[in-house]
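Note that chain A is present in both complexes that follow, paired respectively with chain B and with chain C.
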Partner chain A sequence: MSSVTGEHAAAQRPDLTPAPNPVLLVLIALAATALAGLPLISVQPNRIMPGEGLTLWAIGAAPALLVAVVLLAGLAWLAWRPTRRALRLALAAVWLLLALLPWALVALAAQQVDPAMSSARIGLGAGLWGGLFVLLLALLELINRLVLTPLQRWGLLLGLGLSLLLALTGGGLDSLALMREYHGRSAAFHAALRYHLVLVAAVVGISLLLAAVLALAMRRWSRLRRGTFSVLSVLQTIPSLALFGLLLAPLAYLAARFTWLGDLGVRGIGWAPALIALVAYSLLPMTRNAYVALDEVAADVTDAARGMGMSSAQVFWQVRLPLALPVMLEGIRITAVQAIGLAAVAALIGAGGLGTFIFQGLGQAAMDLVLLGALPIILIALLVDGMFSALAEQLRRIQGRGDTAHGG
Partner chain B sequence: MADERQAAPAKIELDAVTKQFGDATAVDAIRLAIPRGELCVLVGTSGCGKSTTLRMINRLIEHTAGQIRIDGQQIRDFDEQRLRRRIGYAIQSTGLFPHWTVARNIGLVPRLLRWPASRIAARVSELLALLGLDESEFAGKYPHQLSGGQAQRVGVARALAADPEVLLMDEPFGALDPITRESLQDELLRLQSRLHKTIVFVTHDMDEALKLADRIVVMDAGRIVQQGSAEALLQAPANAFVESLLGGRDRGLKHAALTPVAERMRPLAGGAGQASDTLSVAADDSLRQALSLMLWHGVDSLLVSDADGQVIGSLSLRDAVVARGANS
Partner chain C sequence: MSLARRLSAPLVWALLLAALMLLMPLFEEVFRLVAPDTRAVIYQRDSFVSLVASHLLVVGVASLCAIVLGMGAAILVTRSWGRDFLPLVSQLASIGQTFPPVAVLALAVPVLGFGSQPTIVALVLYGLLPIVRNTLVGIQGIAPGVMESARGMGMSGRQILWQVELPLARPVIVAGIRTSVTINIATAAIGSTIGARTLGDPIIAGIVNGNTAFILQGALLIALLALCIDSLFERLQ
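Coming up: the complex of A and B.
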C-alpha cells in the first residue's frame, strides 16, 4: 500500500514542476505514425481474395484527418507542459479519440463498401491496431498519473465499451470482416463463450477449494510444505500440450473401465483432461497465495484475538481469513486470468471454448476468425483482472497497511 | 496454608510455577501472591521470563509445573476461553484488528460474552469517554488512522471492555515516544485510582516500574530476585543486578522522582501570595523536578505553590536533600 501514497505524492508534483512527460510524448508520436503511416483498413471483395490496404492518405477524408491531427497536436502540447489540468485535458482528448474510433470505422465502412456486395468486407489494418494499442497505453498512463478513483476508472472504460457496443449493434460495422465471421456463426460463438466461461469458473472454483485444503493442511503440518510446493512447481513446468497428452491415456482407460465415468462425458479428450490440466496449473499460484496470505497475518493480532478469549474458529473466521483475503484475491485473480488464456489451448483436445475459433481460423488462414476467438479472450481476461484488482484494493483500503499503526 | 488463604485471599497466586520449553527453563518455580486491587509490575531484562509469566496467567502459555490460582481457584479448572474473557489483555503493538473500527474493536469481548447490542454500544461510549477519546471522532475510525498513543488507548479500552477484575498488560507503552508514554502512564494511574483492578504489568523500563507499581517484582533468568515497593527497592536493592536496574548512582534521582515536593517543603506561616516568577514548583511535583530547577537557575531555594498558583510554602536545597524528623 505504500505505493499508493507514493502515487499521491507524484500526482501533486506536476503542478509544481511540469517537466515534459516523455512517456506520453513518445506514445503520441507512435500513435500519429501508426495512424498516418500504416494501412488503416483493407477492403476485400470476399473472404478468399486478399484485400487492398488503405492508408489515411489513400482514403483522403479531409475532415477526419483534420480532427485527428488537431487532437494529436493538442495532446503533444499538453504532454509538453503536463500540469494537472493539462493532464486532465489530455485524458479527455485520448478518451475522445478512442470513443470516436468505432464511429470513424462506421463512416469508413459506409464509404468503402457497397451495401449491395454482401460478401465484401473490411479488415482492420496494422495502423488501426497499432493506433488503438498505443492510445490505450496513453489512457493508462494518464489514469495512473492522475490517480483516479476506481469508480472514475471504471466510468471511463464503461464509456468506451458503450461507444463500441453502440457502433457494433447499430449495424454500421456489419461489413467488418470480424462481424461477417460473427454473423456466420453467432450461435456457435455464444455457445463457445458460455462454455469458456463455465470451464474457467469451474477451474477457479475447484482450485480454490483444493488450495484452501492444502494451505490449511500445510499450516497444520508444516512438514507438508516443502513437498507440496515442489510437486505444484513441477506441475507448473509441464508444457500444456504435453500435459494434455499425458492425461489422454489414463483418462481413456478409466472411462473404458468405469462406464459411469464415460456416461459423465469423461474421455481421453474433451472437457475432462482440460479441466484437470487447468486445475493442475492453477494450484501453484492459488495455493501459494492462500498459504502466504494466511501465514502472514500479523502474529500480534492473532495473539490479541486469542488473549481476548476468541476460540480458534472465531480467530480464523473473524480475524485471520478477512485479513488474508486481499492476498488470496490476488491468487484468484492470477489463476482466473491464466485459466482464461490456457482454456483457449484446450480447444486443441476438443474441449471447446473460444479457442475453437482461433484454431479453425489458423487452419483456414482466416485471421478474422482467429480474432473472433482471441479478442473476447483478451477482453474477458482484462475485465476479470480489473475486477479482482479493484476488489482487493478496496479491501486493502479499509485495512490500511494491513497492520496496526504504531507510534514513531 | 489453606486457612490463611481464605482469611486474606490473594487475587492471583503463583505457587512454584515453572515453565519449560524443551530443555530450557524459562520460568523457574516462582512464588508470587498479588492481592486484589494491586498494580504489580514485573520488571527485568529481555528473556528473564516476565512475559512468559504474564502469558501463563491467561493460559496463552500453559505452565509446566506448579499452580496458578485466581480467586483461589486453579486456572486449569476454567475453560480456557471463558478464563480469558474474564481477564483484560493489552499488548505492546496493541493487536487491534485492522479491519474493524475502533468501536467494534472495543466491543470485542462483550460481543464474545453475548451482551445485547445496546449494552455493548453504551459500554463502548463509556470507555471512549473514560480514555479521553471523543466518540464522534474516533468510534468509526480504523486502527491505521490512529496515532500510536490513540491506538494504545483503544487497546486499553478494549482490555477493560467487559469490566474484568484482572488486567494483564505486556509492555503496553513500550513502543510509544517518551511524552506519549508518560501521559499514558499518568492515565493508567488515574484509571487505577478509580477502578482498583488487579493489574499485572510487564516492562523492561525500571522508571516505568517505579512510577506505576504498588509492588515491583524483579526477575532474572526465570527467578524472582526481589519484590517490594518502589521505596523498599530503592532503599535496599537485594543484589548488584537490582542495583544496576535501579540505575546505579542515579538511584538518588530515581528516589527523588518518587517523592512529592509537599513531603519536604516548609509551609509558609504568613498570608499566601501569588507565585509570579518561574522559580516555583507545584506541591505535587517531584523532588527531582525541584532539584533540576535549582540546578538550572543556580538557586538554593524555591517557592512551592498549590494547584491554584497560591504560594503555600518554600523548599530549600537542604530540605530537598536531607529528610527531616522521622525519615532517617
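Coming up: the complex of A and C.
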C-alpha cells in the first residue's frame, strides 16, 4: 500500500503543483451555502403544529460554528492544491464532518428541546439534508480520486454508520420527530421491516428458480427465446400499480372459488398479488442475465473442459455455472433492488411492509412518518446494491487470479 | 414500407386506448361481471379522457425537463473543461438508480406539498438518471478514431457535438429516454396518492372502496398507455 503512495507522489513531482480540483471547490461552496443559508432544523411543539425553522445564525452555537467554518475553509485550501496528501487530509476532514453530524444534532436537540415537553419534536430542515447530501458527494469524489480499495471504502462507510447508530441508540436523538414516530410504533416498524425483507427474499428466490428453468429451457430449445423475452418485456412495461390492481380480481375470484386457497391466505388483497406481481417484474432482468451469463462462457473453455474428459453434467456444474456466476449475481442485484422499491408500492394493496408507513404518513400529512418508511427503504436498497456489487467484483477477482495461477 | 408498417404497433395500442377511454360506459356489463355487488360500475368522478390527458401532461412535462437537464448535464461533463465532474456525475447517476421511485416521490412531499407539482419534480429527478447515464455511455462509446478524424477535418467543438457525437450516440440516448419515460408513466400513477390527477385515481378509489371494476379500468388504461408509448419508442430506436 505504502509503495503505491510513494510511486504516486514521485510521479506527481513536487515542483509541479496540481491544478485546483473544481469539483471539490463547488461542493464546498454548496455545502457552506446549504448549512449557513437554509434552516437546519425546525422545532415543533407537537405533531400537528408546524415548526419554526432555525438557521445556523438563529441557533448561534459559536464553538460548533467555528469548527464547521475551520473545517470547510481547510477543505477549500486543500482542494486548491490537491496533492495526494492533501486529498487524504480532505477525505479525513469530510469523513469527520459527516461522523460529527449526528452528534451536532444531539447537542442541538439538548439545547432546543425542553425535556419536560414530551411532545416537542425536532424536524430536520432543508439545510441539514442539503449539507448532508453535498458532503456525501464530496466523500464520493474523494474516494474516486484516491482510488480506495473496496475494504477501505467499506471501512469508511461502516465508521459513519456506527457513529449514526451510536447517536441514535444513545437516546440523545429521541426528540427527533423521526424517532418520536419510531418510538410510537417500534413493534409495527420491526414487523414491517421483517416482512419487507422476507417478501423481497421470497421474490428473489422464486424468480431465481423460475429464471434458471427458463434460461436452461431457452438454451435447449432456442425457438423459445424470442417469445419468452418479448412476453417478459411486455410484462415489465405494465406499471406496477396497474399490475397489482389487475391481479386483485382474479385472485379474489380464485380464493372465493377454491376455499383451500383462501385458507392459505391467498386473497385479492395482501401478500399473494404482491408476490405474483413482484415475481413477474423480476423475471425479465433475472432471466436475461442468467441466459446471457450461461451463453457468454467462451466456447473454447467448455471445449477444453470436454477435452479433459469431463461429462456434460460436469462441464455445466464445474465450469459453465461458476464462470456464469458474476453476471448472474448482477441479475440478482438488479432484481433485489427493484423488488425492494416495488414492495413499497405493494403496501397500497394491503401487502404490508415499509411502504405502509409511507402511505399512512401521506394520508395523515405526517411527513416524519413518510420518512420512517422511505429512509429505511432507500438505505436497504443502497446496502443490497453495494453488497451484491462487491460480491460480484470479488468473485471476478478470484476467478481472474485462478486463471493466471493456472496459466503460470 | 414502411411508415405504415413502422407505426402499426403503436397505432394499434393507441386505437385501443382511445376506444377504451371514450367508450368505457359501453362496457358496463363486462365490468359488472368483476364487481357484481357494487352500485357504480364505471368510475364517474372524472372523465377518462381528462385523466389520460392529465397523466400524459404530468409525464410529458417531467420527461421534457429530464431530457433537457439530463442530456445537458451529460454533454457538459464530457466537454474538455467539464471533465473533472465526469466521475462524480456518472457515479451519481448509477447510485441514484437504486433509489426506489416511490421513495423519491414520497420525499418530494415534505418539500413541495401535495399535488401535481411535487409529482413532476420527483419524476424529473428520477427520470434524469437513465438519460444521464445513457448519454454518457453513448458519447463515451464513440471510437477515439472517429473523434480524431472529425477534429482533423477542422470541425469545431460545436460541430463535432451536433454532427458526430449526438448522431452516433442517438440509439443509446433514445434507449435511456425510453427507460425514463416508461418508469415515469408507472410512477405518475402512484402520484395519485400525493394528490396529482392521474390514471392512478380510479385504482386508488377502487382499492379504497373495494371496487374491482374501478381498479380494472385504471389499470387497463395505464397499461395501454404504457404499451403505446413503449412501442413508439421501439420504432424510434
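A few comments on the model shown:
Note that the second predicted complex is superposed on the first by the 383 of 408 C-alpha atoms of A that agree within 3 Å, B and C clash if a C-alpha of one lies under 4 Å from a C-alpha of the other, contacts with A are read in each partner's own complex, and residues count from 1 in each chain.
Keep this in mind: a contact is a pair of C-beta atoms (placed from the backbone, for glycine too) under 8 Å apart; a residue touches a chain by one contact, two chains touch by 3 or more.
Computed from a predicted model, the values in this text were never measured in an experiment.
With both structures placed on the common chain, the touch criterion links A:Ala242 to chain C but leaves chain B unconnected.
Once the two structures are overlaid, the count of chain A residues touched is higher for C than for its counterpart among chain B and chain C.
With both structures placed on the common chain, the touch criterion links A:Glu330 to neither chain B nor chain C.
When the two structures are aligned on the shared chain, A:Gln399 is found in touch with chain B, with no touch to chain C.
In the superposition on chain A, A:Val319 contacts chain B only, with no contact to chain C.
Residue contacts after overlaying the shared chain place A:Asp300 against chain B, while chain C stays out of touching range. Contacts of A:Gly309 after superposition on the shared chain: chain B is touched, whereas chain C is not.
Shared-chain residue A:Val234: touches chain C; no touch with chain B. Those residues of chain C that touch chain A in the complex are listed here as 34, 84-85, 87-88, 91-92, 95, 98-103, 106-107, 109-111, 114, 182, 185-187, 189-190, 193-194, 200, 203-204, 206-207, 212, 215-216, 218-220, 222-223, 226-227, 230. Contact residues of chain A toward chain C in the complex are 21-23, 126, 137, 140-141, 144-145, 234, 237-243, 245-246, 248-249, 252, 268-269, 337, 340-342, 344-345, 348-349, 355, 358-359, 361-362, 365, 367, 370-371, 373-375, 377-378, 381-382, 385. Here chain A touches chain B in the complex through residues 298, 300-301, 303-311, 314, 319, 322-323, 398-408, going by the rule given at the top. Of all the residues in chain B, the ones that touch chain A in their complex are 58, 60, 81-86, 89, 91-99, 108-109, 112, 142-149, 151-152, 158, 168, 175-177, 180.
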